[in-house]
Amino acid sequence: MKRQIQVAVVLIVLGGLLTTAAFFMSFYTASVQRFGTYTAEGHVDTVFDIAPSSEQVAGGVTYGRPWLAQKIFYFHVPVALASFLVFTIAAIFAVMFLIKKKKSYDTRSRLAVETSLIFTLATMITGILWTRASWGVWWEWEPRLTTYFILMILMVAYFVLRNSVSDEERRATYAAVFCIIAWIDVPISFMITRLIPSSHPVVFQPGMDVTNLVPFIAAMIGMLGVGYAVYMLRAAEENAEERLDMIREKLEA
Amino acid sequence: MELIHPTNTELYALVLHDAPFVIAAYGLLWLMFCGYVTFILVRLVKTDKQIALLEDAVAKKG
Amino acid sequence: MSDFALEIENLTRTFGVRKALDGVSFNLKRGAFLSVFGPNGAGKTTLLRVLSTLAAPSRDSSVKVLGYDVVEDAVELREHIGVISHNPLLYPDLTADENLQFFADLYCLENPKERIDELLEAVELTHRRLDVVRGFSRGMVQRLALARTLLPSPELIFLDEPYSGLDPHASDILDSLIAGIREEHTFVMVSHDLEKGLSLCSDALILARGKVVLFEAAENIERDEFSRIFREAVGRGVS
Amino acid sequence: MQDERALPVSRKISSWRQFKAILRKDIVMELRTKEMLTSMGLYAILVLLIYYVALSQAGQGFDVTRIAGGLLLLAIVFTSMLGLNRSLVHEQDQGCLEALLLSPIDRPIIFFGKAVGNLIFLLLVQVFVVPLFYFIFLSGGMATEHTGPWWMVALALIVTSIGIAGVGTLLATMSVNTKGKDFILAVLFIPIMFPLLLVAVAALSAVITGDPEYVRIFWTMLGAAAVYDVIMISAAFALYEFILGA
């Protein structure tokens, strides 16, 4: 258990270093991304050109306003992707629980949902600040934001459901079933900006510049490391609780 | 390789307006992670204490 | 076809560290009446749920009821067992007739009308067959529940604390009903009531913390000794 | 290896007969008590009343058709939650679900039996609520003239109801076994249903407002709703057994 904690702390520090490095790389080495174009032809910039009123001219080139806000891509997107990924892992554990009926799978699934919820909250916070900077509003009911918000509510509902069932095995089964059904929102939320017109940018697509890709991947690895660390810490805590239960049982017997 | 991409230098001069939001977002992100991790660690230490206490009791009993 | 109604070997059911049933093994002859005793949380209800296919035992257990494996042959087994519990398991807003008709359909009985007539006659509810169950007295409901259980003529009947919540009169009625079908059926009863359970049974089982404390034929049971063991089990089992 | 023992009462397991039995039982029970239909109907009327209050100060220029689709669906969602909860509380009350599980019935049949029953009641309530909604909100001066055909509205409502009944049956079976049944149902049901409601409202609104492109929007949205129904109901179908077994 002690080892688990040590590894977790090391992973968090490493993740922090990697993401911070990516953060600075995004300012210093990354080239400005050209999805859509920003030339004077007035071509609509799908990524940034949300507020044309504040377009500014420099050297005969028209820019969309929120160039700097774009840097959020290097931590907002990794966190969001990590939340999707961790929730997918939770759903896989839920399926395994339903097949094997072993408590350990239920615990893992629950911890994964919890980790995913933390990442979802982080995505929300960073996202809200970005929409404020980029769109000028704190929140907009737009397909990606809406489906992602629903995903967050589903995770909260997962814990509400768990708390309202007293029998341990029934709780685990219900939670697993709900986790699987709730997971269906993950592909919906992920794909929706690619399927229907949405003001949420689709930045990550083929043809990305290497200078952009490197910090992005660094941040992604860092975030996954942090995610795994959080999961491990919670697992260590869960182990400790279990040991506590066993000792209590021993004392009473 | 120059440290700052030429396009970037030009652009940053224009749009420092968004900087507070981006930096706040990054800061809040890590504040949240750190807060959560500390929270878990505090709880862990508490549980450890409880375990030690109960194990003593078991040892005395046995 | 084996002579045993229940062949249970190493029946274990665990979830995490908690063991609801822990290595329970015993065999029960056909035609026997088994009473299962034990404190709360001893695993009585879990045992009944496993035997009636509602809960699965863990992988290394081998549980055969009437020669059917409770996991693999669950669907076939269900045709041969019945359950009477403290819950009537009847729809209060249906009439006696409709209730029985519904269960006859679930068991896909042929000639359900005749079978229902026969059973209503047997539990003396023919005159109330068109009345809604909601208006029935506790005793009548329990009689109808018995008719429902007997509908597919099961060989093995599980009684899940059938006396709890019954007044003395209704409990007498249930006694006589069980006595009437005692001969041709095998029974497994879970009960809190030591006296009642012992007076009816041919075999007795005491469970505590998911383990068998005692399994003995009724004629070998010494009352005082049995009560002592039971009390000890209760003392141990409270958790 | 099973020896074929002769049963004293002859029988031949037929899933169709079991399915019909569950459905008939639900309908007979409902016709006797009229509990679900009256409570759902009354609740729907109350929701419409509240709508009137909400819209009472909207003024003359307000075009109610623009939000009519959403209002209608909202009323249906709320009443359906009431009905779903009731339908499974009936099974739970006297332990009847256990009796169902003890009979030689394949678990999916229980799911289809209950879900089809719920769908029938839902549609019955809608037969009553939708015309009422029309008379209260859309028949007056507020309505636009170029509304799409009503069979499209009916179709959209049917597709939505299928989704509600299918997933709702699964979720209600869970929620009746929890503390705070109806609250838990709402917490689970609304976010799960959210994508379906969104596309259903889009389809309904397009027809009701008579959008120039309503045919195209309607069929795209209805297609999305149908895909959602298929995915969700297959998931619910596959997972129902686990819920019953717990």
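All chains are identified by letter, namely A, B, C and D, in their written order; residue positions are counted from 1 within each chain.
Definition applied: a residue touches a chain if its C-beta (ideal position, glycine included) is under 8 Å from a C-beta of that chain, and two chains touch if they have at least 3 such contacts.
Since this is a predicted model, take the numbers as computed values, not measurements.
Pairs A-D and C-D differ in how many C-beta pairs touch across them, and the larger number is found at C-D. The chain closest to the protein's centre is D, with centres computed as averages of CA atoms.
On a Cα centroid basis, the chain most remote from chain A in this structure is C. Put simply, the C-alpha centre of chain B and that of chain D have 45 angstrom between them.
If you average the CA atoms of chain B and of chain C, the two centres end up 57 Å from each other.
One simple way to say how far apart two chains are is to compare their mean CA positions; for chain A and chain D this gives 33 Å. Taking each chain's centre as the mean of its C-alpha atoms, chain C lies 37 Å from chain D.
Residues of chain D found to touch two or more other chains are 245.
Within chain A, the positions touching two or more other chains are listed as 169. Residues 98, 146-147, 150, 153-154, 157, 160-161, 164-167, 169-170, 173-174, 176-178, 180-182, 184-185, 188 of chain A touch chain D in their complex. In the complex of the two chains, the chain B residues touching chain A come out as 1, 3-5, 7-8, 10-19, 21-22, 24-26, 28-30, 32-33, 36-37, 40-41, 43-44, 47-48, 50-51, 54-55, 57-58, 61. Within the complex, the chain C residues that touch chain A are 15-18, 56, 239. Contacts from chain D toward chain C in the complex involve residues 2-3, 5, 7-14, 17-18, 20-21, 24-25, 28-29, 32-33, 90, 93-96, 98-106, 245. Of all residues in chain A, only 5, 12, 16, 23, 27-32, 56, 58-59, 63, 65-69, 71-72, 75-76, 79, 118, 121-122, 125-126, 129-130, 132-134, 211, 226, 229-230, 233-234, 236-237, 240-241, 243-244, 247-248, 250-251 touch chain B in the complex they form.
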